[in-house]
Amino acid sequence: MFKGTATALITPFNKEKELDIKNFEKLINDQIENNINALVILGTTGESPTINEKEKYEIIKKAIEITNKKIPIIVGTGSNDTKKILKNNKIAEELNADGLLIVTPYYNKTTQNGLYENYKYISQNTKLPIVLYNVPSRTGLNIEPKTTIKLLKNIENIIGIKEASGNISQINKILNEKPKNKYLYSGNDDQIIPIMANGGDGVISVISNLIPKQISKMTENILQKKYEEALEINNKYLNLMNMMFEEVNPIPIKYAMSLKYKTENTLRLPLISVTKELEEKIKKEMKRVEII
Amino acid sequence: MFKGTATALITPFNKEKELDIKNFEKLINDQIENNINALVILGTTGESPTINEKEKYEIIKKAIEITNKKIPIIVGTGSNDTKKILKNNKIAEELNADGLLIVTPYYNKTTQNGLYENYKYISQNTKLPIVLYNVPSRTGLNIEPKTTIKLLKNIENIIGIKEASGNISQINKILNEKPKNKYLYSGNDDQIIPIMANGGDGVISVISNLIPKQISKMTENILQKKYEEALEINNKYLNLMNMMFEEVNPIPIKYAMSLKYKTENTLRLPLISVTKELEEKIKKEMKRVEII
Amino acid sequence: MFKGTATALITPFNKEKELDIKNFEKLINDQIENNINALVILGTTGESPTINEKEKYEIIKKAIEITNKKIPIIVGTGSNDTKKILKNNKIAEELNADGLLIVTPYYNKTTQNGLYENYKYISQNTKLPIVLYNVPSRTGLNIEPKTTIKLLKNIENIIGIKEASGNISQINKILNEKPKNKYLYSGNDDQIIPIMANGGDGVISVISNLIPKQISKMTENILQKKYEEALEINNKYLNLMNMMFEEVNPIPIKYAMSLKYKTENTLRLPLISVTKELEEKIKKEMKRVEII
Amino acid sequence: MFKGTATALITPFNKEKELDIKNFEKLINDQIENNINALVILGTTGESPTINEKEKYEIIKKAIEITNKKIPIIVGTGSNDTKKILKNNKIAEELNADGLLIVTPYYNKTTQNGLYENYKYISQNTKLPIVLYNVPSRTGLNIEPKTTIKLLKNIENIIGIKEASGNISQINKILNEKPKNKYLYSGNDDQIIPIMANGGDGVISVISNLIPKQISKMTENILQKKYEEALEINNKYLNLMNMMFEEVNPIPIKYAMSLKYKTENTLRLPLISVTKELEEKIKKEMKRVEII
């Protein structure tokens, strides 16, 4: 699908919390100019749970139009209702998306066998390549390495996994046993170097919304075995990466984006804006690293 | 709302995984005959994430019709999209439900302040009484006691909480500080006695789908301070209660119900049927305690 | 061994951090006068890891002398070196103690089979009754219910367990399956009611150092099925109980004791005295509940 | 102190569970011949909790004699009684050891302030360089990055940390903020590459008891930025590394060593020998990777 950095793009809203397509376009162009390798739209960072069907259609359509196949567009189509995933996938296919990011069932959850059966069924009903998404801190459910390996080995159009468990030992196991032609992406910005050093292919990033040039350079460095240069970038922005998770993502990134890109700092319930305390910290750190 | 036992009712499907309203009716009548104090429909146990809008309408309507106000009907209307909760609540209101069970945001999650703002906004848009639902193992998010207390104290139509954190120390804190006229229900069948001994008001139960008479008797005993009688019931059925959580709920209960009530053992993806190993264990234990 | 409340007694030091036997005597007498059912000496609360062999001998000897068989003296003899446990047990036997409290191996840990073999070996080398002690937050090792039950069933002089896992579901399982003549004690002061309601026999308590009369009354109430009276005591002192664990026990209790009993607030490294912030909170709360 | 691989050496016992100094000597010589960069004796892997004072003296003396300053000898002197640490340190100094590995307090634990005060006091009482050891799964206590950084910054003879928390995000923070002249070593064999790629200096290893040549080569490769060669070694031995932790370390390594080096597979209580099931798995895997 891609090697390097994909951005899990935010969805900008205006003051009335309506879709702000103009800024969405501006952000995508900025991402492309700064050498991002792929875009993930309608992910968690894109607030997909609170975006309605009509808006989703518009977002996918627009993203594909703007990028114009210069870089792959991966659409987050996950749901805890498998029927809805199939519907979402149909739309992504129709609109000519390049791939699907499908999170495990959350809240209702399922068993390890259920995970396998569920992803198998989904994969049989789409032609698009699928990236699995494992994020137990949000879903209450971990895809165990055995299940991941089985899915990556047996199902052709499951082409990779975004691993956001944070569990390096688990990720190391997967990297060791997965087929060479399947991808593993870090789902945590502060684990890009460890995971890629262990054989990972890149990152699906939050912080690259804000600093696309730096993060794409960082993964490029790693792919070229320039670990010291990569570590320098990592260390410069590590505090900021961590701040993006001091309150639930995408609360902090939405504020940070508003400072740099003049988008509105608005989110839809159940999410609310960042606290004043974290606002201050973020602004100060962004000045320190000369983003603003 | 109620004291004692509410059943988080399963939603029976037929072999084709369509709604089986006939058995739904049969189960509700069985629950009423066996002295259940309230019914929760469209909860997690009721597989709400994979039930569509039309079906939800039918389920609520039917439940209210059948129970005919003999016992309260509480409708699970939670979602991680606040707008959808408001829509769900409207329907429950129209159909004359008695209360709402609203789980915290899951997957997208929110902050503690976000929880407060979200529930406040929801409560301002309905006249029905709301029971909060805290189940961090599914949502990745814990309502901290401070937030629970603030919600129960400040918002009139938030009338209680279903606590399924399993954290007795946390639950003890809430019970100590909550207003006397607000309710706390156990969300774990194996913690009914500890929570009620600490001042809790009852349980929203899974196992009472299968043994309504015994569980309603158990909570009645506790309310009458007959702890020894309650403990006897608890100890008789504890193994079975635990088996209902050896695979993700409602997978095991749906199998157990099929044995006793001849409902179909069918679930919708991402959930799948119980493994053969657990089937055997459940059947054997149900025979041992003479349910079948 | 006992039903009701045992105090895990602190070891008072003077300003020079030497053993303060005079105050030790005073505290024991106060405990007896206030109807405590048993005393545990040289437990974690008694700072046993930093008390030398000579001091341990003196402490055991003195405690047995003072109590003069009015209430049982249980000696903490646990170690992660089994040979040392055997030595400690010999001394306790010689000095005529009534029982032994033996924590699981910590730091080096062991397997579930290792736990069984270890306790079996220990029990074969002493005539004294043994109380197991499970506290995974300190040891990094949980005694699984299966192992606990096997030990309680098969080994005669293993007469009970102090359960401080905080896991009520686990404790409920043990209570359901253990032999009737074996004991289960709560190791958490805020879980006395839940555990005893589920069939537990009492508590080995920290807070009863400070309020022996109230806690022994509370467990007495529960044993007499007066749950409401017990809950009233629990609720009055719950904040204070919780404060005793805001910094590592016995740091806060040692400060609280210094306020009420005029003992020195001194601990031996690696432990240090309570922070000023918690000092203030404790003092204020002790005034509110009229201890000082 | 060192860069690359230090082995946390096992302590061989004979059939009677007495110190087997002859094999100890043989193992050390094998380690030196295979380019190990340093040796840690009397660590957890060396079963220090069950080795008496006399044996400890002999072990330190012998190790220093045999290595004869070709590589540094680091002595595990940690205890949860600070006085004992000081005594242990004196002996290590007298016998001319090169450094000390000092684990945080375990079981009695302490606060973050307590950690700082404790290590400060210890460091003021020895001239030897100290490596901190953080292993929360054994101690129940995490050294938070803030405390680690404060210790590494303020105290000269605290020269590094062995980080076995497994928490890569935490380790990344420390690596980013620690003084350049202080060391961070991985305490987990399956995290060598991730940690060193992030700026770590090497590993204190269990598996290098068994395959010293391969692990020292692996860290050498990383230090020379030959990540692919390192990853190849990692991937070949990853299964075996993981097996060493399927039962509590050093249970499995002691069995593996008996197969390759003909040492006795004996451990002292509370530890017991590996189960038959894991024996079979280890033997099979050792054959697969051609160790035996």
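As written, the chains take the letters A, B, C and D, and residue 1 is the first residue of each chain.
The definition used in the following text is that a contact is a pair of C-beta atoms (placed from the backbone, for glycine too) under 8 Å apart; a residue touches a chain by one contact, two chains touch by 3 or more.
Owing to the predicted nature of the structure, the values given are computational and were not obtained by experimental measurement.
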item: Computed distance of Cα centres, chain B from chain A, in Å; value: 34
item: Centre-of-Cα separation between chain C and chain A, whole angstrom; value: 50
item: Centre-of-Cα separation between chain D and chain A, whole angstrom; value: 37
item: Category of the chain touch graph - line, ring, star, complete, other; value: ring
item: All pairs of touching chains, each written as two labels joined by a dash; value: A-B, A-D, B-C, C-D
item: Residues of chain B touching chain C in the complex; value: 166-169, 172-173, 176, 188, 190-191, 193-199, 225, 227, 231, 234-235, 238, 242
item: For the chain C and chain D complex, residues of the former touching the latter; value: 44, 47, 49-50, 52, 80-83, 103, 105-111, 113-115, 117-118, 121, 136-140, 247-248, 251, 268-272, 275
